[in-house]
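Each of the two complexes below includes chain A, the first together with chain B, the second together with chain C.
On to the complex of A and B.
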């Protein structure tokens, strides 16, 4: 049997309702507080963007299959089953207007992890053929080519050659026994090669042994964004295999939000066994080096800088203090946006939204929230640590005619490395 | 005694030493939950305070409140303080009678208009003004007239504060509290049947020291005295916590002085200072004498459903049917949970693998 169908989708919904999801549904008091935590609601005022409402088809399956009165009503034919039309209607709510940023989970008074529920719900949406075309394409490329953007190894090798020629630094590839295995996102390979260059500079400066892998250089995980666990597991397994083959102690997730969440938090659960290596975000590694005194910088940025916390790194990942420590090394005038840190507002393009062209207009509209945050501090430079955020921040700033450069934190650190140390 | 005499002068004239006076100030400070650093300030303020004019009106009452106050053991400092106020009208205590008594009230009102303290004990009948009159004036008319010029009104006792026993069902006189009639004056409720003497002197002292009324709870009672329940300060509380109760008045538990909760003690729902200041010069209080608290300082205490009924124990055994119902509910819950688990396990077991070829709908 091949091909998505409503039947497969409903079956996947039944599977997706694990104990946490069931208890979350029965705990919901319908207070609607999650609406005000969601930028898709605050920027449009449309109640259909209330986070818990985006889960209505899954909630209905829970009610009809797993709750006493719901079974009763279903048996008497008093409740309508979830139909293909309903899923079509909800497709845009689940994929276009949710970045799984998890801000709603933070405010829920009964502690429902709504972002987790959306993640579970996407399993059924994907199985029923209601995933957006853009995400389907990205997922297929990730599995067949190895990158959602279709980046193949020769493209990476070409970039590496350029960097090596420009800087005279060596980019290590497939070095067995290195301490760190660095992953990259396709976005970094194609749009921000400076990131790889910065890694080379910083690690040389700090004397860190590291490597890339020709078999697993891609950190992103489309399987998680689209909501197919076995595809997500396959993508995680590639990295695990490469890390075990090269016998590295630590795998470093790049400046990408969901890649970090995928490999660090979902990874071991997806493949069903613990990793025998550590996973750290690049900011965690840099802050460790700073603490050990191995990261020396010189000079400071004079313009007023602020920092955009990528949701999966700060709110869902707990990396909040490290970027502040690092920024204070290189920024003279660092200001915090209102609600920065764990309650920061999403840029609007995470969770697969940026791969979904249908959502382009909406994600630029809700960028208005970020604009308000930036206006409040009159920032002259915006630093972040996620290339997906970065691309969208640049697009959003252009859309709203704001002349603020967007910087990568890793690259900013690399630019300020003290020269004297070799 | 002269009306212009200060409190300090009055006390010294009556032979109260400076030491005794300061002791009273310290006790007042601690009772009003003020910091010890306030004691000198209290002493200084009391020393200089002019004796305030007090008019005391008694309506539908039993004179128990004034008895309580006058029976405070002499010579207590509270008693002297009370002597030291200018009690210009109190028809149970004053020597004057008839029109001379009423003239005293009118004079006091005129001379101290806007400054005197009005104390009321007893409730006010609204069903028929003739139920209670003084010198041919109905309680309602006298209260309204006298309250007009008062700086503050003190409702002494549960009748004035909440209607008390006259208001108990079926309330034949249509009794109401002072607060039901007077709306435009600060009212301090000092309930109790009767209230503790030291509470009234404490409230007066607070008024003299600060010129304001003390902090009140939601029922208008001074927090310093009514801030904690009898139960929370009861010396029998450890028995309650251990579950040791007297079940009858002559059983082992009663003899050993265990908690009187099951005998109907209203201590948990009653806010008053009995358990700390006690009665009769600090001798004892009802629970210490082996009787449950009646809850006399709470509204409608007479209609609370029996003094010897425990506050919230089932009056009869829990019926067997209820136990079976709880059991059946738990069993149904477990069965439903098991059914749900089986259903989801089956769904997981029948998992259909989704590959990249399954993301789009088949033909």
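On to the complex of A and C.
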């Protein structure tokens, strides 16, 4: 982020354009269908939130640099270059009103993966000095302190002590040769210690060998949200180093959608080599344990529960069926919201939007979409598997005066563990 | 230039030039995409990129239900005019004769009354598309000069073809010359505009489906 300039930004835009991006821009017919897939458009009615429009500076660079006709026009001085003013105008569109949820990518009739392009475009936005302050702060804290929220190891250790005192369970730290290395998000450490406690309970119940790492416990990756691949790679490398040092077979991404995308799908590409360990989301691990008969539950939640699919876990991550299998173990009345699964509506706070205070009002406004989904099924409890979604869902429900508890799926499973095993 | 000379020019040199620009332009536009390449994905695959890509080429022709309900007008008019254009282009007897002349293969035609009706429906659909583009806030906001130009060069062959068939306005020679000229205008415009989507959508749909399929998601 240091030494940001328009020149560096334009260079990053050029670097961001590969064959898929060029095919996407070549195919767009400006039909406007993507607008209707985006909650920032549907809840505001403002055409500027049309997803493909958010990419206009990148499209212009593609046209002027990589299309025959555009290069011709540029040579004749007929095209307008991307300017700093233009990027200033686009900053809020690219960061405040896009969660990279990828719903637009699912409806485009010519198959444009718009979220893929926004992710790449942010590299140029950050390099040109057009990233939001909130995200810059989070990214700096992630690099220097090790967590976007500024959580240091002593804070985690204090919390572990609390959990161990309260439950009598052991939270393993830096155990070499454990099967699983669990990552946490800062949000879980600060706001949801129950998650770590639940991991300890479930893994004891199922006889799983696991550990945390004192050198890499943070799972989120601000480098990806802001669009600085060098930083994103550095954050991934910390996890890779810890996993290799502890010789674990599998790294478990916590209840955070974005962290899963970062470590599972972007991680190896960021550091430029495949991992020599597996990466699973906690829901995948729990569902595997269920399948193996190692996860036994007792009793069921009586209230009507529904499940909010975090975008990066379901639509962008491919973990769709597992949470349903798990919920059916512990819910008597599990109902699906309209458009659940890969077409679920984003909560409105992903992709760095929640770290960007400037977007606070907008993200609460567009929560109206989630409200409509919840109203349709008259849910009495909302289960999810992403602590970032969870914080925002709680905030949104409060804003809209809806009295619906938000539950973590992992925690809900932990509460229903059968006690026959010791 | 007499009317006959004009027709001969349209069918001869003009058609050759238009064909060369069209073919060369399309090839250049496709190559300029492919040469950009794509980095291999180093994450462990959960599903098949190829299967996902191929699936998306087909599946993106059909919107899922909730999206269809929200955007029915765009979807329905889009379907009508695309199908209409292909039916008229490929199943009208004189067009088939032309294809036979050029490619040496022939196939059965639809009755001219059906083609006639299809043409009217397609023209109405395209008019609706234009009105929608101007009236709908999102589409008006997104639209640039090119979108209106492409609309014009798409509807012209339909209108001139309809006029030629019904002998409206000009002599038969001039009508057919103007019709062919309008098609040449479409061909020349094609590689420089979003008309290219007719070819590149196979690439964009494939890439989108492959990116999702690799992660085990049906896109």
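Here is the rule we use: the second predicted complex is superposed on the first by the 420 of 422 C-alpha atoms of A that agree within 3 Å, B and C clash if a C-alpha of one lies under 4 Å from a C-alpha of the other, contacts with A are read in each partner's own complex, and residues count from 1 in each chain.
By our rule, a residue touches a chain if its C-beta (ideal position, glycine included) is under 8 Å from a C-beta of that chain, and two chains touch if they have at least 3 such contacts.
Fair warning: this is a prediction, and the values are worked out from it, not measured in the lab.
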Combined model on chain A where chain B meets chain C, clash or fit: clash
Contacts of A:66 with chain B and chain C, given as first, second, both or neither: both
Which of chain B and chain C A:90 touches, first, second, both or neither: neither
Partner chain(s) touched by A:210 [first = chain B, second = chain C, both, neither]: neither
Which of chain B and chain C A:18 touches, first, second, both or neither: both
Partner chain in contact with A:278 - chain B first, chain C second, else both or neither: second
Greater residue coverage of chain A in the superposed arrangement, chain B or chain C: C
Which superposed partner A:307 touches (first chain B, second chain C, both, neither): neither
Contacts of A:48 with chain B and chain C, given as first, second, both or neither: second
Partner chain in contact with A:140 - chain B first, chain C second, else both or neither: first
165-173, 237-245 or 309-317: stretch of chain B that collides with chain C: 309-317
Those residues of chain A which chain B touches in one complex and chain C touches in the other: 17-18, 22, 66, 68
Chain A contact footprint on chain B (complex, rising order): 336, 340, 343-344, 347-348, 350-363
Chain B partner contacts - residues on chain A that touch it in the complex: 1-5, 8, 11-12, 14-15, 17-18, 22, 65-66, 68, 126-127, 129, 131, 136, 139-140, 143-144, 226, 228, 230-231
Touch list for chain C against partner chain A, complex: 25, 28-29, 32-39, 41-44, 46-47, 56-57, 60-61, 63-64, 66-67, 70-71, 74-75, 78, 136-144, 147, 191-192, 194, 196-197, 200-201, 203-209, 211-212, 215-219
Of chain A, residues touching chain C in the complex: 17-24, 26-33, 35-37, 41, 45, 47-48, 50, 52-53, 66-69, 105-113, 116, 264-269, 272-275, 278-279, 315-318, 320, 338-339, 342-343
